[in-house]
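Chain lettering (A, B, C, D and E) follows the sequence in which the chains are written, and residue indices restart at 1 in each chain.
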Amino acid sequence: MTVSYTLEVADARFGGFSKLLFRWRGSIYKLLYKEFLVFCLLYSFFSVFYRFLLSEKQQSLFEDFAIYCDQFTTFIPMSFVLGFYVTLAFNRWWGQYTSFPLPDNLMMVVSANVHGVDEKGRLLRRTLMRYANLASVLILRSISTRVRRRFPTLEHVVEAGFMTPLEQTKLEGLKSDFNKYWMPLTWFTNLAALARQEGRIRDDIALRLLMDELNNYRGKCSLLFHYDWISIPLVYTQVVTVAVYSFFGFCLIGRQFLNPEKGYKGHQLDLYVPIFTLLQFFFYAGWLKVGELIINPFGEDDDDFETNQLIDRNIQVSMLAVDDMHQNLPPTEKDKFWV
Amino acid sequence: MTVSYTLEVADARFGGFSKLLFRWRGSIYKLLYKEFLVFCLLYSFFSVFYRFLLSEKQQSLFEDFAIYCDQFTTFIPMSFVLGFYVTLAFNRWWGQYTSFPLPDNLMMVVSANVHGVDEKGRLLRRTLMRYANLASVLILRSISTRVRRRFPTLEHVVEAGFMTPLEQTKLEGLKSDFNKYWMPLTWFTNLAALARQEGRIRDDIALRLLMDELNNYRGKCSLLFHYDWISIPLVYTQVVTVAVYSFFGFCLIGRQFLNPEKGYKGHQLDLYVPIFTLLQFFFYAGWLKVGELIINPFGEDDDDFETNQLIDRNIQVSMLAVDDMHQNLPPTEKDKFWV
Amino acid sequence: MTVSYTLEVADARFGGFSKLLFRWRGSIYKLLYKEFLVFCLLYSFFSVFYRFLLSEKQQSLFEDFAIYCDQFTTFIPMSFVLGFYVTLAFNRWWGQYTSFPLPDNLMMVVSANVHGVDEKGRLLRRTLMRYANLASVLILRSISTRVRRRFPTLEHVVEAGFMTPLEQTKLEGLKSDFNKYWMPLTWFTNLAALARQEGRIRDDIALRLLMDELNNYRGKCSLLFHYDWISIPLVYTQVVTVAVYSFFGFCLIGRQFLNPEKGYKGHQLDLYVPIFTLLQFFFYAGWLKVGELIINPFGEDDDDFETNQLIDRNIQVSMLAVDDMHQNLPPTEKDKFWV
Amino acid sequence: MTVSYTLEVADARFGGFSKLLFRWRGSIYKLLYKEFLVFCLLYSFFSVFYRFLLSEKQQSLFEDFAIYCDQFTTFIPMSFVLGFYVTLAFNRWWGQYTSFPLPDNLMMVVSANVHGVDEKGRLLRRTLMRYANLASVLILRSISTRVRRRFPTLEHVVEAGFMTPLEQTKLEGLKSDFNKYWMPLTWFTNLAALARQEGRIRDDIALRLLMDELNNYRGKCSLLFHYDWISIPLVYTQVVTVAVYSFFGFCLIGRQFLNPEKGYKGHQLDLYVPIFTLLQFFFYAGWLKVGELIINPFGEDDDDFETNQLIDRNIQVSMLAVDDMHQNLPPTEKDKFWV
Amino acid sequence: MTVSYTLEVADARFGGFSKLLFRWRGSIYKLLYKEFLVFCLLYSFFSVFYRFLLSEKQQSLFEDFAIYCDQFTTFIPMSFVLGFYVTLAFNRWWGQYTSFPLPDNLMMVVSANVHGVDEKGRLLRRTLMRYANLASVLILRSISTRVRRRFPTLEHVVEAGFMTPLEQTKLEGLKSDFNKYWMPLTWFTNLAALARQEGRIRDDIALRLLMDELNNYRGKCSLLFHYDWISIPLVYTQVVTVAVYSFFGFCLIGRQFLNPEKGYKGHQLDLYVPIFTLLQFFFYAGWLKVGELIINPFGEDDDDFETNQLIDRNIQVSMLAVDDMHQNLPPTEKDKFWV
C-alpha cells in the first residue's frame, strides 16, 4: 500500500521529520536491513580474519592493501551518480502515476450526455463505462504484478464482471500479436456512434466530447504501457549498481581498523564497529534502494501503487456516476447567500 | 498565511536580500530556533563534560574520538543530497499550488452561457457554481489540516452554505468507500444537461464548453488529491533526514575545541563557541527545514497556502460573477482613442 | 528596460562573450559595485587594524583567528546552493514572462468573428478588447512597481483610457475583498453573449472560440497573480543569503595576508590586495545578485520586464487589429509563384 | 530489441538490482568489453615497458612523469560533465520515444466516424489508415537505420503494401527537395473532406475530429524528424568525449604501479592489476556509453527502439480497428453488477 | 548549417564517439582554435619571461606569485557554474527550435477545408498560406542575422514573392511602433471570415479549425520573438564569463613550470608544454563555447538553425499542399492486405 505521511509533517514543527524516523512500514529499515546484516557479517569476517588469523607479515600486507582500498572511496563520486540517477527515476515514477487512467472525466460526460432512464439507456451507459474499465484492467495485467496475480487469465476478468463471456470470445477471436487493450475502447467508440444514430446521444458535439475524453483515456493507457516497455536503459542501471556495490566491496577491507600501534595515518583509534562506514552504507545503499523502489511502482513494495484498489474504485464510481446518479439530482433550492 | 516578499526585493538594489534577513514571520529563525537551542545545549553539555568531568586519560580518549568523528563530516555530501531532495520537493510544491481548483473560468462561462434573469435562472447559475465550490471544499477537507479544522463534519459544510441539507442526505445516501468529491461535479453535469433541455443553455456548443471547463476543474481537484496520496517515497525522506541528523550528531563531539596545548592539527584555538558549526547547522538544518516546509503546503505553517481564505474568495467571486454580474454590463461608450 | 544582447553574440566567434564584459547598462558591475566597495572598505579596515593597531601578541591572536576563519570557506558549498537556488528562480522568472497576457490571439479572433463595419460594430469590438486590456492593467498594477507608479489609482487608469468613468463606478460598486481583475473579463463574456444574440457574432462556434481565447487570457492573468502571491519560500531565500553573507563576513578576516615572516602555511606572500577573494566575491555575490534580479522581474531593474511599454503595445495593436484592420484587406492578387 | 527489465525488479527485495548484473543482452559488458580490453592491453604495454625495458634513469623519468600524470585525474570533474550531458541526452531520448507516431487515436476515430459497411466504406477507412501509416514509414526511413535497411527504396514500401504503385507515381510526381512524409497526410485530409461531401462522414464535427487527430499525428512525425535533424550540438559531444578519452589516456601512465622501494607517496603496494582504475574505467566509460546508446535510439543497439516491429503493429491494428471491428460489436448484456 | 551526426553514432559500437573527434565542420576545434593559440602564445610569453628575462631574485618573486595563483584554480567551481549555465542555455535553445513556426498543420487544413478548384479558390488558398509564411519571414528578419541579410528591406521580401507591392503599402500604412509580424495573420483571419461568408469554407467548424491552427502558428511566432527579446539575464552570462576568463588568466602564471631544482611541491618536472592546463583550457573554454553557440541559434555558426532553407521549404510545401495537391488524390484501390 502506498505510504502517505505528509499529513504527519503538515507543519514544520520542532523535530520535524524526526517523527518519520520511527516507522517500519515502507521504511528504509525494512527495505535495507538484510543488506545491512550481510554487510556487517562480511565486515566482521574480515575483521576477525585480520586480527586473529593472519601472521604478522600477512597483517602488514593486509594493512597495505587496506590503505590502498581506502583510496577508492574518493575515486567514484557516488552522490553525483545516485543524485542524477534517482532524479531520473523519480520523474518517471511520477510520470507513471499521473498516467494512471482514471475514468472520472469520462463517466461524468457519459452520465450527462447519454440519455434515457429506461433499461436500454442504463445498459448503454454501463456498457460504455465497463469497456473503459476493461481496457485499463487489460493494460494493468501486463504491467502490474499485483493485478496479474489477481487476474491470471481472461476468465478471471470475466468472473470479476469486467467482461461478459461473449465479449471474451469476441476479443479472443480478433488476431493480434500485441496487447489488445485498445479493443474495448474501439467498441466504445463504435457503440457511441450507434447511440448517436439512435438519438441516445442527442447531438454531434456530445459525441465528439465522448470521443475526446476517450482518446485522453486511451492515451494514458498507452503511455503506461510504454513506460513499462521502455525502461531506463539497463546499461545505466548497471553502471550505477556496479559503482555502489564495488564501493562497499572495497570498504569491507579499506575501512578495517588497523592496529593503532603501527601508527598508520588516520588509524589512531580502534573502535571495532565502523560507525561511519555503516552510516555511509545506510546512506548510499539507501539512496540506491530509493531507485529500486521507484523504478517499477507497479510491484508489491509497501510504497507501490495500489493498483487493485484503484481498479475497484474505478469500476465502482463509474457505475455510480452513470447509473445511480444519472438525472438523479437533489432538488435545487435557494442557497444560504441568496439575496 | 503565505509570506509574500518579492515586492520588497523588486529591485536588485544595494544590500539586496539583506533586508529579508530581519523578519520573524515565516522566517528561518522562527522555524529553526528550537532545534538550534537543543543543539547548543547538547554541545555545551559535551563541552563541559570534556573540560571538567573527565580525567586526563579520559580526555585523551575523548580527543581521539573527537578527531575521528570530525572526519565524518566529509563522508556524506549533504549539500548534494539536500539539493536534489529540496528541488524535488519544490517542484511538487509548485505543482500542488498550480493544481488548486479556481472557479474563475467556470464562473465566466456559466455567467455568459446559462441564460435567464428570472429566479429560476439565477438559482440555476448559483447552484451550478455552488456544486463546483462544494467539490473543492470536499477535496480540501481531506488534504488540508486547516480546512479540516474548519469543517470537521459535513454538517459544518452545510452550515457554511456550501451544501443544502437535502444535498447532504443525497450525498450520504450514495455508497462509496472513496472520496466523494466528484459527486457534486456529476450533479453539475447532469444539471447542465437539464438546463440544455430546458433551453436555458441555448446551444450544444455552450454545453460542451461548460463540460470542458468542468473537466478541467475536476482534473485539478483530482490532481490535488493524488499529490496528497502519493508522497515523495518515505524512504527518500528518511535517508535525507538520517544523513542530516547523524551529521550533526557527530558534530557534537567532532567539533569540540580540543585543548590547544596538546597541539592537535587544526586545534590551535579555543573559542568555546563553535561559530562555524553553528552556521553550518543553521545552513544545513535550515535547508532541510525548507524541505519540511514545502513537503506539505496544506498545513498551518506561516508559509503554507491560505486554503480557507481561498475557499471564501472562490465562493464569493463565483456568486458575484454568475448572479450580480450576469448581463449586468456597464453601458458601452466610445473610448478615449476613438477616431 | 530589458537588456537584449543575444544579437551581439549570434555567432560564436573569437573572443565570444568577451565583448559582453564591457557594458554598463544591465551589467553585473552596475548591480554589484556598491557591495564591492563596502567589502573592500571593510577588508582594508581589518587590514590596517591588523598591521598597525595591534600589539605583537594581539597580532598573534588575530593570526590564529584568521587561520581559523579561513577554514570556513570550505564548510559551505556555496556553488551548490547558489546553483540550485538560481535555477529555481530562473525557471520561475521565465514562467512569469511566458505568463504575460498578450491580447494577440484574442484580437485576431475578435477582428474576424465580431461583424459589422458600422459604429455599433466598431464600438463592440473596441470595447471587448478594451476590457481584456483593462484586466491585464488591473493585474499588473498589483504586481509591478512600475505599473503601480504609472497608475497609482483607478482614476489614472480611467484617464489613460483603459476604462470609462461609468465602468469605474460599476467596478467599484461590486464588493469583493480580492483583486477584481476578472470583472472586466466577465463583462467581456457577457457582452460577447449579447453580441451573439444580436447576431453580431454569427454562430455558436465563433462565440465558443472567443470564450476559449478569453479563458486562456484570463488563465495567464491569474497565473501572473499567483506567481506574485506565492514566492519562493522566504526560508529558502534566507538560508542562501545567510550562507553568502557569512561566507564573506569570515573572508574579511580569514583572507587577510598574514605576516610572511611568521611562516604560516599558504602565507608566503603579502600582496595587500586579495585578488582572489575579490574575484570570489565578484563571482558568488554576483551569482546571488542574479537571483535577486530575477526573483521579481516586475521591478525597475535594467533587466526587468518593460511592463508599461507592453501595456501600451497591447492596447495599440488591439485597437489596430479590431478596428482599422477589420475587413480591411489588401486586394488578393496572383502571387509570384503562380503557374 | 528494447531490453525491458523492470518486471524483474518490480519489488525492492534483498539484493535488488544485483540480479541485473548478470545479463549479457543489452548489458554494459557487451557494450564495453572491447574498449575495456584495449585499455588493459595498453596499460600492460606501458607496465611491461616501464618494468623491463627502461634503464634505471629512464625509469626515474617515467616515474616523475607518471606522478605528474596522476594529478590530471583531479583536474577535470568528469562525473559532473557526464551527469549533465547524459541527463540532456536522456531527456531527448524519452522525448523521441513519446514522439513516436501511434495510429491508435486516429483509427478509433476513423472506425467510429467514417460510416458504411459496404466495400466503398471499407476501402475508404482502410485507405485513410494506410495513408497515416505510410507517412510514419516515410519519416522512419529517413531516421532509423533499421527501417532504412528494410525499405531501401520506395519500391520496397510499395511491395510491403503501405503504398500502391499509383500512389508512388503520384508521390514521385510532386517535386520537393525535402522529406515528403507529409504528402500522404495531405491526401488523408483531402480524402476525408471528400468523404464528408459524400456523406460518409455524417457531420462537420466528426470531420473536425479527424483533422485534429491527424494534426496530432503529423505533429509527432514532424517532431521525430526534427529530433533527428537537430542533434545535441556536436561541440558538446566532442568536449565530453575528449574529457573522458584524455582522462584515461593519462591514466595509462599515471596509474602505473611504481616501484614500492622508491617510496613514492601512495605507491607502497605493487598489485600489477590496477583494480580501481579498471573500475573507474568501467564506470566513466560506461556512463559515456549510456550517452552513446541513447543519443540515437533509432539505431540497431540492443536497447534501441524496435521500429520495424512497431510499424508492423501499427498497420495491423489500424486495419483491425477500422475494418474488422467497424460496427462489429459484442451484444450488450447486463453486467454482473446490474441491480 | 546544422550539423547532424547522430546517424554516424546510431549504434553504440566499439570506439563509439571517437569517430566524432575527427571532424572540422561544426567542431570544437574550429570554434576554439583561435582562443587556444592566443592562450598558448601568452603562456609562452610568460614562460620565456620567467626563464630568461628575470634576475634570480625576480624569479623567486615570480615563483611565489605563481604558487599563489595556482591556488585560485580551486576557488571557483567552474564545472558547476558551467554545468548549470549551459543546461539553462540548452533548454532555451531547444525551446527556440520547437517554437519555429512550421505551416504544415495549417496547410493541410487549408487544403482540405477551403474549397474550389477554380482560379478564385486557388488564389484564396495560396493567399492564405502566403500570409502565414509572410508572418514568419517578418519575425525571422528581426531575429536571425542570416534572414536579415537575405531580406535587408521589405522590398526584398516583396521581390522574393512573399508579399505583393500592394500588401507592402498596406502594411506600411498601418502605424505601429512594434513588430508588425501579426498583421498578415490578421489578414488571414479576416480573409478566412470572408471565405466563410462566400461559402468557400463550408461550415463554421472548419472556420474554427483554421482559426485554431492559425493561433497555434501565431503563438509560435510570438514565442520566438520573446525568446529573442528576453535573453538569459546579461548578469548571469557576465558572471560565468568572468569566472572562466579569470581562471585562465591566473593559469597563465600559476601553471608555469617552476625550476625543479628549487624543490617546490608539485614542481618536480619541467615539461615546457603544460599539457594538462591546455586540456583543461580545451575543456572549460570548450564548454563555455557550447554556451556561446547555443545562446543564439539564429546566427551563422555551423551549428545554427538553417532559417533561410526552412523559409524556402515552408513556402514551397505550403503551395504544393494547398494548390497542386488540393483534391488531387491518387485513385483509391484495394490494398495488399484486403481480404
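Rule of thumb we're sticking to: a contact is a pair of C-beta atoms (placed from the backbone, for glycine too) under 8 Å apart; a residue touches a chain by one contact, two chains touch by 3 or more.
Being a predicted model, the structure only gives us computed values, none of them experimental.
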| item | value |
| --- | --- |
| Numbering shared by both copies at the chain E-chain D contact, with half separating same from different | different |
| Inter-chain centre distance, chain B versus chain C - centres from mean C-alpha coordinates, in Å | 24 |
| Cα-centroid distance, chain B relative to chain E, in whole angstrom | 39 |
| Residue numbers of chain E (touch at least two other chains) | 31, 80, 83, 87, 204-205, 208, 289, 293 |
| Running round the ring (origin chain D, first step to chain E), the chains in order | D, E, C, B, A |
| Interfacial residue positions of chain D with respect to chain E in the complex | 31, 34-35, 64-65, 67-68, 71-72, 75-77, 80-81, 83-84, 87-88, 123-124, 126-127, 130, 145, 160-161, 164, 166-167, 169-170, 174, 176-178, 182-183, 185-187, 189-194, 204-205, 207-208, 211-212, 214-215, 218-219, 222-223, 226, 228-231, 233-243, 245-246, 250, 288-289, 291-293, 295-296, 298-301, 304, 315, 319 |
| Residue ranges of chain C in contact with chain E within the complex | 2-7, 9-12, 14-18, 20-21, 23, 26-28, 31, 79-80, 83, 86-87, 90, 94, 97-98, 102, 104-105, 107-109, 111-113, 115, 202-206, 208-209, 213, 266, 268-269, 271, 276, 279-280, 282-283, 286-287, 289-290, 293-294, 303, 305, 313, 316-317, 320-321, 324-338 |
